[in-house]
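A, B, C and D are the chain letters, set down in written order, and residue numbers restart from 1 in every chain.
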Amino acid sequence: MEVQLSLKTVSIFDKKLITGHRLLCQSFLKTYFCGNKTTQFKMPDINELQDFVTQVRRDILRQVHKVNSGHPGGSLGCAEFFSVLYQEVMDHNTNFDMDGKDEDLFFLSNGHISPVFYSVLARSGYFPVEELNTFRLIDSRLQGHPTTHEGLPGIRIASGSLGQGMSVALGAAQAKKLNNDKHIVYTLHGDGELQEGQNWEAIMYAAGNKVDNVISTVDLNGQQIDGSTETVLPLGNLKEKFEAFGWDVLEIEDGNDLKQVIDGLKEAKSRTGKGKPVCILMNTVMGNGVDFMMHTHAWHGKAPNDEQLETGLSQNPETLGDY
Amino acid sequence: MEVQLSLKTVSIFDKKLITGHRLLCQSFLKTYFCGNKTTQFKMPDINELQDFVTQVRRDILRQVHKVNSGHPGGSLGCAEFFSVLYQEVMDHNTNFDMDGKDEDLFFLSNGHISPVFYSVLARSGYFPVEELNTFRLIDSRLQGHPTTHEGLPGIRIASGSLGQGMSVALGAAQAKKLNNDKHIVYTLHGDGELQEGQNWEAIMYAAGNKVDNVISTVDLNGQQIDGSTETVLPLGNLKEKFEAFGWDVLEIEDGNDLKQVIDGLKEAKSRTGKGKPVCILMNTVMGNGVDFMMHTHAWHGKAPNDEQLETGLSQNPETLGDY
Amino acid sequence: MKEYKNTGSKDTRSGFGAGLTELGKTNENVVALCADLTGSLKMDEFKENHPERFFQVGIAEANMIGMAAGMTIGGKIPFTGTFANFSTGRVYDQIRQSVAYSGKNVKICASHAGVTLGEDGATHQILEDIGLMKMLPGMTVINTCDFNQTKAATLAIAEHDGPVYLRFGRPKVANFTPEDQKFEIGKAVKLYEGRDVTIIATGHLVWEAIQAAVELNEKGISAEVIDIHTIKPLDEEAIITSAKKTGAVVTAEEHNFLGGLGESVARTLAENHPTPQEFVATQDTFGESGTPAQLMDKYGLNSAAIIKATEKVLKRK
Amino acid sequence: MKEYKNTGSKDTRSGFGAGLTELGKTNENVVALCADLTGSLKMDEFKENHPERFFQVGIAEANMIGMAAGMTIGGKIPFTGTFANFSTGRVYDQIRQSVAYSGKNVKICASHAGVTLGEDGATHQILEDIGLMKMLPGMTVINTCDFNQTKAATLAIAEHDGPVYLRFGRPKVANFTPEDQKFEIGKAVKLYEGRDVTIIATGHLVWEAIQAAVELNEKGISAEVIDIHTIKPLDEEAIITSAKKTGAVVTAEEHNFLGGLGESVARTLAENHPTPQEFVATQDTFGESGTPAQLMDKYGLNSAAIIKATEKVLKRK
């Protein structure tokens, strides 16, 4: 069994992590050797990953509940994606360096789903999980939307104002090519976010300039603030759109199924370097994993009250240890 | 023979026009009755129209030459389009009223081709053709890019900063629907201009909201400032793009062939009101009608010198009388 | 000293919503456009009452501004609604060309201005929008201070022919201006007569200025307080007259001290009657996450800051 | 009186082009991005010398700014080039979030600023870009006056770590600053010592200020002339010191008098040493088509206007 590669980014030598990752570390110490950097992935342990995802969901709910503010819906729907990306797919370095040379990069364009980003970054070893307690508080590094401004490790660009992330990623991808760095640049975008025209500028640029070291994933949850994307402004057939714009498109039918996400990202990776930027259309359920939050835009940007939190947490029992 | 409808927008009762339109008026007085407003078009006299186009080309060259500034290339390529639109297709009123109720409207998004717009507006009766002499001069109503700011009849929005015209047209089209006004809103866009993301916001909106009283034409001349669109930023397959975005797309194979332009616009008109916005992809030759200006981006925004002007004019002999 | 009573805290954006609802009933030319923030902008009621006059444009602010400009052609009076950052910085060139330079009768209505937007943080907290909009020729720029004034302003701008930027906010704040007020664009409102210092405040800072004036009064300092809801056209006469009388000015705004109301006042006085002035405003920093109250406090946007600035400027007289 | 000699008229944008060409050779981290205006921006030479470091993004300025921000990740120093309007107003929110707030080392280089853009007219003649950029925390704002200074500034900003807005223009103007100058960001350059009035000019107005000072000298008026190439960070000390000495200030810029250099100076003085000030600038109007010279004349942006303003401010001392 290839064990080296799972949960690879958590360094047990990082003292700050020990407390927060007690359970996590215990669990993988049993099975794994923790390397700091690796390049391939094989046979991840789905149960381990599922535990990770469940804990991430708890983190999302607790962050948002504590400050009665933030965006649980989109965050929950993308818990699997972030977990797979940081735990299984990306070749990245938790010893954070802004330039990110010789590692894969990730840019979150739909910055409002910061709770899932913060949880996964913390639990991957970028900063102490306890810091999730400071989400959206004054003087915190965990701003409402991710930012470089407060020096939080793992963040390479501010986002929040929608539609800008793909352009940034393309710049980073072009810099990688200049640097002869073969690593990949990943991005995530909301589906509603694709209504912003800047995305289409970037989409056109990427194809026209063969930026084939980029994998952009669209969180197709069918929801945005004022309702479903269908009622607000229908996106139509996104596959056709991206293909008409010259991208290589693949779909993940269920972006809340870990195996599908892993396979989808693997497949996407195998399609890089072939002259076309790669797009993943990933169907997710907004609010996934918390029954009353699912399939509705109502929880896009609303925090649960105490009771709702309890319900949500009970549906997602503690696995790796709460912060 | 249906005579009523050709050159229909020139009112011979408008005194200001008499001088400038001497030849024009003479020519159509022979054959036509000049109505001020009409709604259908039938059997336009192609030779008359061709004379109109030739004169428009002269006007373009002379405007740009006089001030040694302006954009002849795109203007020349669109001479047929503008002539057909204002002379044959649009139901419009030269007695200019900003609101434009109960008439067709036209918005020029790629405002830099103002010379063709001004020439056709003037020769259609919106303002005295002599005023073409003031193109780009200080204190003129004929600004470098079309503007409402100086009160020039025929202009309903400023353009020049690219990419904004379709949005404006959609607003006007929605207003028409609110006003139960069945008229059509026409637009023109450069192909390079489509690199601006705002277009794609508008394109998505129009389909999603079934704005089917809009006909947007793209001037597919394959050129922009720094070179061909192919070398600057390839637009790929625009038909596929517009169709993927939910538009009804038709093509004019040769946008410098009057008959094709007439047929194309007629066909487009027949497709309005069917739940989809209509797009015309119109292939043109930049600099058309002036041999040394054709098929190159070099004349996008450069004026001919005296000698070049002579050559250009000699290739386009006076038909309706210079201003 | 006149007492200004808080008749019950309300958010200014609800004043906009109430005004828009009323306009929907009284002016059939009024149409509304929103970029996926209908609830936040309090436009739901208008939308429900007049679905045919409500245009949901999705997350595409540039298209929204262009469409609004186009709708004026055909006689509509479009009110666009989104957060202040996406109402201005995101679409500056669109406003510039299609609205301001084209002279279109568009009302750009912007909520969640300034740091009181709160927890979403700096990407959403624009502190430059007054400056952005005031530089556009022909643009009217209004920043209202409470629910009643925002409602009155919303009604008033529908009557005004020309582009308007109306700026308001997210949190509940004191509602203290008269319910039946007539809103005069470009006319400063004098809240207190005073001798020693002129406090010129706009938006959420007006209530803070009132509190400051009351406290200053107790300390024996007589402050003239001006509610300058219209930043453009600026009521220069009111400013000059008051500065001549008091000889010291404090401006207060929820905005960067660069480019906003403070600099407009400084420019007016430099041209007419140079006067010592202190600037209660953010000091060229981005905002951050936090509660509105915490942020007003941290960034020096409250009555305490106004009092400190007053004491400082008085020493400079 | 020191004589400033025009060593041959050149456009400031060519100074940028020359600087960029040099940077291409000396600093391999420098990359350049352009939005379909390579020739106008004088970036052709860089492009020819370093095709792999030149990025043609097409007519998509928002994408260009985002890409530039992204390229800094990976250690590049991106210089973006397009007209001033499309460099600022078109992409304000993109600069705000992806560059300024994110603290990225992007150099936004903008040609054709102001009315001297000429015949293209108002949609292209931004008169608000200094104001737009100065309001962004962390942004350095530079407006150079001639070819040599622009070239020197281009070299200097590559060494400065942080976002920069560099503004220059289209027409040929006098080239009079030293070829071998060291460009110090944030440091005002005193061109003339004077007693009666301080003329603070930027960009194309610096040469006009020199002409004005010479003429004023003949009339017996001693003008101190400051070339304030950096509007942010502003050399407040130089301004205050000079204003204290002369007691009268004229600011001169090819920009709206609202929001630009003039207001920054007024604010500085209001905070430190209130002084009568006159504003040579456009008076809150859009520009129009015309030759650069005609427009400078019509909009009061020349030495005659500076002299008039000086005479006016002297009466107010």
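Worth pointing out:
The working rule: contacts are C-beta pairs under 8 Å (C-beta built on N, C-alpha and C of every residue); 3 or more make two chains touch, one makes a residue touch a chain.
All of these numbers come straight from a predicted model, not from anything done at the bench.
Contacts with subunit B and subunit D are shared by A, C. When every chain is reduced to the mean of its CA atoms, the largest separation from subunit D belongs to A. Subunit A and subunit D have CA centres that are 42 Å apart. One simple way to say how far apart two chains are is to compare their mean CA positions; for subunit C and subunit D this gives 30 Å. Per-chain Cα centroids separate subunit A from subunit C by 38 Å. Rounded to whole angstrom, the centroid-to-centroid distance between subunit A and subunit B, based on C-alpha atoms, equals 48 Å.
Across the assembly, subunit A contributes residues 147, 149, 158-161, 195-198, 201, 204-205, 208, 233 that each touch 2 or more other chains. Contact with two or more other chains is made by residues 57-58, 60, 62-63, 85-86, 90, 93, 96-97, 101, 122-123, 286 of subunit C. Taken in their complex, subunit C has these residues touching subunit D: 85-86, 88-90, 92-93, 96-97, 101, 122-123, 127-128, 131-132, 134-137, 232, 249, 256-259, 262-267, 269-271, 274-279, 284-286.
On the side of subunit A, the complex with subunit B involves touching residues 195-201, 204-205, 207-209, 233-237, 240-241, 243-246.
Interface residues of subunit B facing subunit C in the complex, by the touch rule stated above, are 98-101, 105, 107, 147-149, 156-161, 164-176, 178-179, 181, 197-198, 201-202, 204-205, 208. Subunit D contributes residues 31, 52-53, 55, 57-58, 60, 62-76, 78, 93-94, 96-98, 101-104 to its touches with subunit A in the complex.
The touching residues of subunit C, counted against subunit A in their complex, run 34, 36-40, 56-60, 62-63, 85-86, 90, 118-124, 286, 288-291, 294-295, 298.
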